[in-house]
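Both complexes below contain subunit A, partnered by subunit B and then by subunit C.
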Partner chain A sequence: MIKPDKKPKGGYAARRKLFIASFLLPTFILFCIFTIYPLLRGLYLSFFDWSGGSETMNFIGVDNYKELINDEIIPKAIKNDYFLVFWKVILIMLFATFFAVSLTRLKLREHAFYRVVFFFPNIISVAVIGVLWSFIYNPHLGFLNAFLSLFTNKPVETNWLGDASLAMWSLLPPSVWAGIGFYMLLIIASILSIPSSIYEAASIDGAGQWKQFTKVTLPLIWEQFKTSVIHIVITTLNGSFIIVKLMTDGGPDNQTQVLGYYLYQMGFKQYHLSYGATIGVLILVLSIITTLILQRLLRRDPIEM
Partner chain B sequence: MNEAASQKQAGLWLSKTVVRLLLLLWTLIVLYPVFWTFVTSLKNNQQVMLGKPWDFPSVLHFENYADVWNRAHFGSYFMNSILVTAGSTILSLALASMTAYVLARYSFKGRGILYFIYVASMMIPTTLGLIPLFFLLSDMHLSNSLFGLTLVYSVGTIGILPLGIFFLVGFYKTLPKELEEAATIDGCSFSGIFFRIMLPLSSPGLVTVGIMNALTVWNEYIMATVLINDPVKYTIPVGIAVMQGEMQYRTEWGPLFAGLSISMIPVIVMYVIYQRQITGGLTAGALKG
Partner chain C sequence: MNKKLMKKATGGMALLLVAMSLAACGKGSTETAEQPGTQPKQEPQSQTEGEKPKEEANGEAKISGDFEIQYFVGGYGDAWWKEMLGEFQKKYPDLKIKESAGSQINDQMKPRWIQGNPPDVVYIDGAGSNETQMVKDDQLMDITDWVKDASNVDGEKLTDNLIAPPQDYGGKNYTIPLVFGSWGTFYDEALFQEKGWEVPKDWDGFMAVSEQIKTAGIHPYIHTGKYPYYIVGGLLNSGFVSENGDNPQILKDQEAAKEGSFKNDAVANTLNKLVDMRDKGYFDNASFGISHTDSQMLFLQHKDAMIPNGLWLENEMKKDVPSGFKFGFIPSVMQKPGGKFVAIPYTSNIAIAKKAKNPEAAKAFVEFIFTKQAAVRWAELTGALMNVKADLESSSASDVVKTAMKYFNGPDTIVAPVFKLNADLEQAENDATIALLQMKITPEEWMDRMEKAAAKSR
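Our next item is the complex of A and B:
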């Protein structure tokens, strides 16, 4: 730290203050306008009845929240959100951990190549991923049905995204496909920070790969593991609606509706803006509650190294 | 003892082989859809409708690219994306580096709270701010404008500013203090120290943050689709989604896939050049959190 008393000189403290303010304030003001204000305004709007324009904003207290409770689509959307959260956490963490351990502990010569390749889907736009996978699922022209038809007598014509019982499941592969690489890298970095002497000691004691994983790796990467799970939960509750928007449009018949997309539809398609903001509050509340519960469930005593 | 050791060796070899096969399988699953996108971008409708999806086109229809670039306006989407990406990357980098430097190097009242506000904002669902942000921009007459979109990307809810601050605070803390002290004794002003000494020194960190931000902005879809309604001002992700939406009225698979390829090519080039910075930066950011 550069202390103010380091170089006593006339006006030093004032110049220092001015410098700090001039470097911090412009950024902070812009940040308040474009990040903080919209979030607070969203909370505020949820207590009004508003559909755009300035004259028609009426305070209605908790009526939006009452509407939320009685809305049949909301429980459906929550269920779908948590379906995605649950399966994405399980599948992404399973694959990411398996790949991370394989690429670090097995001492494969080509590990760098796989790291680069596996991360690749993470840098593609979600718009591209949504369109690309819609075409993979296309009932007549898509890759999936053509591939499955190789093993059957008559051509497979499953409508993956249009069939109510399949649509939610079909949204999983693109989300998992696009998510694994990032979490794999996090876990790899975490494993590489474990001193190799611990593994050597375990190996001398006769611990095989599996035992080394459960007794050494997993306990020592647990904090990173927990952070990753919570990160998946938050990003899914927030961002999964983009893939829904692009691949199923919430359909068929709201079967794949999620809260984020319902907010988007209410706000920008039906101009029920304050209700959309209320759904935003619900997403915030669910994110916080889920994070707190997971923090508790996944808590383990920290290990001193 | 020896036998047990060789048995263990054989077991290790077997598990390595199984793992290698699984890794190769996942490589295929990751790369094939991308490869397939490029192949399909060279087919015409007939080849897409009648052939198998994995067939190679007998005739390569490179005109799909010209078609999507000119007639489907991907040329202007591309320029819009470049403008918005360059503008918001530079702006947010400038703002983030100044804030991060002061947060890392100066002690003053409120420093902890300011840092906390930036970091905590990364945890709040951005969807909550989506509707108010739209009206804020209309009130400022900045909706439907690439400048407005650039501002939102730079300092708005998608979070590249706090992530940049977070990453660069960590970076500035690792730089040695002796240079600054020497410069202070030589009578260099506060801002002079930053612009002439610290900023050049931190260029590796700036490059990492800049690339991460550029990728995020180049790929961003939801803000762009909410804030921009004028087709002349679409960015590439919006253009792709709109084109897919129109596919139910007229089918043009080749050009659509050419559009997907056009969107991916700059990203792939960046990834090949800056692979280390991209993976390193992203994980460093998340690990410290």
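Our next item is the complex of A and C:
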């Protein structure tokens, strides 16, 4: 018997709405409590003067923002943040794309093994990575100096984390090393979704590996590429706090200070939680501006496959 | 029909899974002992509602009702606390004692303090605690008048027994130091004996032996660059006092952020001494960027001869001390020949909350623990010094601690008053000192930076 076209019965639309809502609502409520509310409260706090421990807060209007503008450490922190963002984006995307292409397009036999190995640093807790690399960088007892000393007459005793000119560069390897795996997987996934017929057509037309990469792979994974870049930017602007805290504490003399760590230092170590909230607002504004600019720069017409 | 039922069943199960994830949030309230209080509302449920203790008309307060104490558990452990509280309970069986303790206790209890619902007694120590900030935030009880006349359970006047008196906050007292220790310079006695180096008694001796050590191929001095307050506490502060004519008032002035307390001859001379050490290459370049444990490891491995640190050092590195290593301690090295040693103390304080619900029990507890027996037990259980003058010779306290005690009791040492810069000044001093050591700024600029920071915090 052919069923007639389903006409929405009286309660059907309502029940469908209820069904959808019952899944969206709990998550939405949690989102509001743990993401929206702290955001608004942070904004609210930035207009007060609160130590973070006392019972009372005084309203001081925009004084925190005035102090932010006059704070000499903020420009250095912003510079360091963008230094990390710039180099992390370039290095992570370079390595991630290279590994992704190698593991999918170059027909390696052990590609599954390499996939696990390259992803491994992502699984390790950031705290472990920070401590591990601190030991590697240790001037007297560290692996790096011991390794370099094999090639020189005098033992190498460079202070990687303590020398102001080297410190920021020294923070890059751990962050890049820990980040490659995740983005590599994203790009592998998007490369695998490209139908192999396109590659076959390209190789029949005489395109080598490099041409295939630039003319076929890159344009087709561009959306994924762009998302990864923006994701790296956002997580770096917010998350570099961890690597700085574990390795340098913002020192020496604020040379490796980043906004995330400065927020923590002001808020919890120097008992100016409301000023920390102000820095948080600054981070939010910078993240939004950077993301908008990047969206504009990286825009290309999506190619329909 | 079956399909429809299956659909409903899967929908219901999915919904159940989502709901279960929410249930985890609600469960937190029952177990507050281990879980950090993520939502402030949960804490008051488990905290017992304080009942006012009955007070007899003739002034002898009956200690009963609820009593809560918050104490940090760290390098000193909690054995002493448990012992004291056990005996306190035996003395006052009507009292219901609640202990809030742990290594993260300061963060866990913070919401309670913010809400105005604090415990009765708090031992201020560990990460996230700062007694000066608590005084500033008006969270501690003013005990100026009480402590003057208070006596411990042995009948002795409480303040007579203390090595360091209750900290002075503009004429008022809010805390009593419980743990007493001092900063200083540490070295390996065995190494110095073996190499025939003379333990320095003053600045000239220090510079001379540093030159000898450098020639022998060992770095004379290492410190932790990540935490510059070690070198400030262990080297600079005693220098300020020595250069100030052995008058520790300069430190109290700095604590009060007084104008000129960071820019004067005493400070300038001390900084120049530091620069002298730096220019002669006595500092191990590895100092910058390493943590305290890293620097201590290098010290234990004889890559460096001397390190600024506090009396907790021996206990902290217990498991890593190589055989034959004997800890030596000098309170200060920056004094002129013939000058006195200066001991810069550090203390961990105990205080009564301003909004304590059972202040009588709180005071009774303080009177209970500041006794000589308690001090001996503390030294035996923690290897550190309690802020009570007690005879430790027969106790099992560590050797370094007994050596320190001898300095404090001797005539050649000035014990500076307890002081603590506020967090902003401390941070500024840390940054400036590291910058000076790395030749990024001059002593003039150090002083200007600190004066600016002091002006800001006034």
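Quick note on the criterion: the second predicted complex is superposed on the first by the 265 of 305 C-alpha atoms of A that agree within 3 Å, B and C clash if a C-alpha of one lies under 4 Å from a C-alpha of the other, contacts with A are read in each partner's own complex, and residues count from 1 in each chain.
The definition used in the following text is that contacts are C-beta pairs under 8 Å (C-beta built on N, C-alpha and C of every residue); 3 or more make two chains touch, one makes a residue touch a chain.
The structure presented is a predicted model; accordingly, all values stated were derived computationally and were not measured.
Of the two partner chains, both subunit B and subunit C are touched by A:Ser134. When the two structures are aligned on the shared chain, A:Pro26 is found in touch with subunit B and with subunit C.
Of the two partner chains placed around the shared chain by superposition, subunit B is the only one that A:Leu273 touches, whereas subunit C remains out of contact.
Shared-chain residue A:Leu161: touches subunit C; no touch with subunit B. Of the two partners subunit B and subunit C, it is B that touches the larger number of subunit A residues. By the touch criterion stated above, A:Phe99 is placed in contact with subunit B alone, subunit C being left untouched. In the superposition on chain A, no contact is made by A:Ser203 with either subunit B or subunit C.
Once chain A of one complex is fitted onto chain A of the other, the partner contacts of A:Thr227 are limited to subunit B, with no touch recorded for subunit C.
Looking at the shared chain after the overlay, A:Ser51 reaches subunit C, while subunit B stays out of its contact range.
In the superposed model, A:Thr248 makes contact with subunit C only, not with subunit B. Across the superposed pair, subunit B and subunit C both touch subunit A at residues 19, 22-23, 26-27, 30, 52, 134, 141, 268. On subunit A, the positions that touch subunit B within their shared complex are 1-3, 6-7, 15-17, 19-20, 22-24, 26-28, 30-31, 33-39, 41-43, 45, 52, 95, 98-99, 102-103, 106, 108, 114-128, 130-136, 141-143, 146-147, 177, 182, 185-186, 188-190, 208-209, 224, 227, 231, 234, 237-238, 241-242, 246, 260, 263-264, 267-268, 273, 276-277, 280-281, 283-284, 287. Per the touch definition, subunit A reaches subunit C in the complex via residues 19, 22-23, 26-27, 30, 51-55, 134, 137-141, 157, 159-164, 167, 248-249, 251-254, 265, 268-272. The part of subunit B that touches subunit A in the complex is made up of residues 8, 12, 15-16, 19-20, 22-23, 26-27, 29-31, 33-34, 36-37, 40, 48-49, 52-54, 95-96, 98-99, 101-103, 105-108, 114, 117-118, 121, 123-136, 151-152, 154-157, 159, 161-162, 180-181, 184-185, 189-191, 194, 215, 218-222, 226, 236-238, 240-241, 244, 253, 256-257, 260, 263-264, 267, 270-271, 275, 278-279, 282-284, 286-287, 289. Subunit C meets subunit A in the complex at residues 11, 14-15, 18-19, 21-22, 110, 113-116, 128, 130, 133-134, 136-139, 225-228, 285-291, 294, 297-298, 303, 423-424, 427, 431-432, 434-435, 438, 440.
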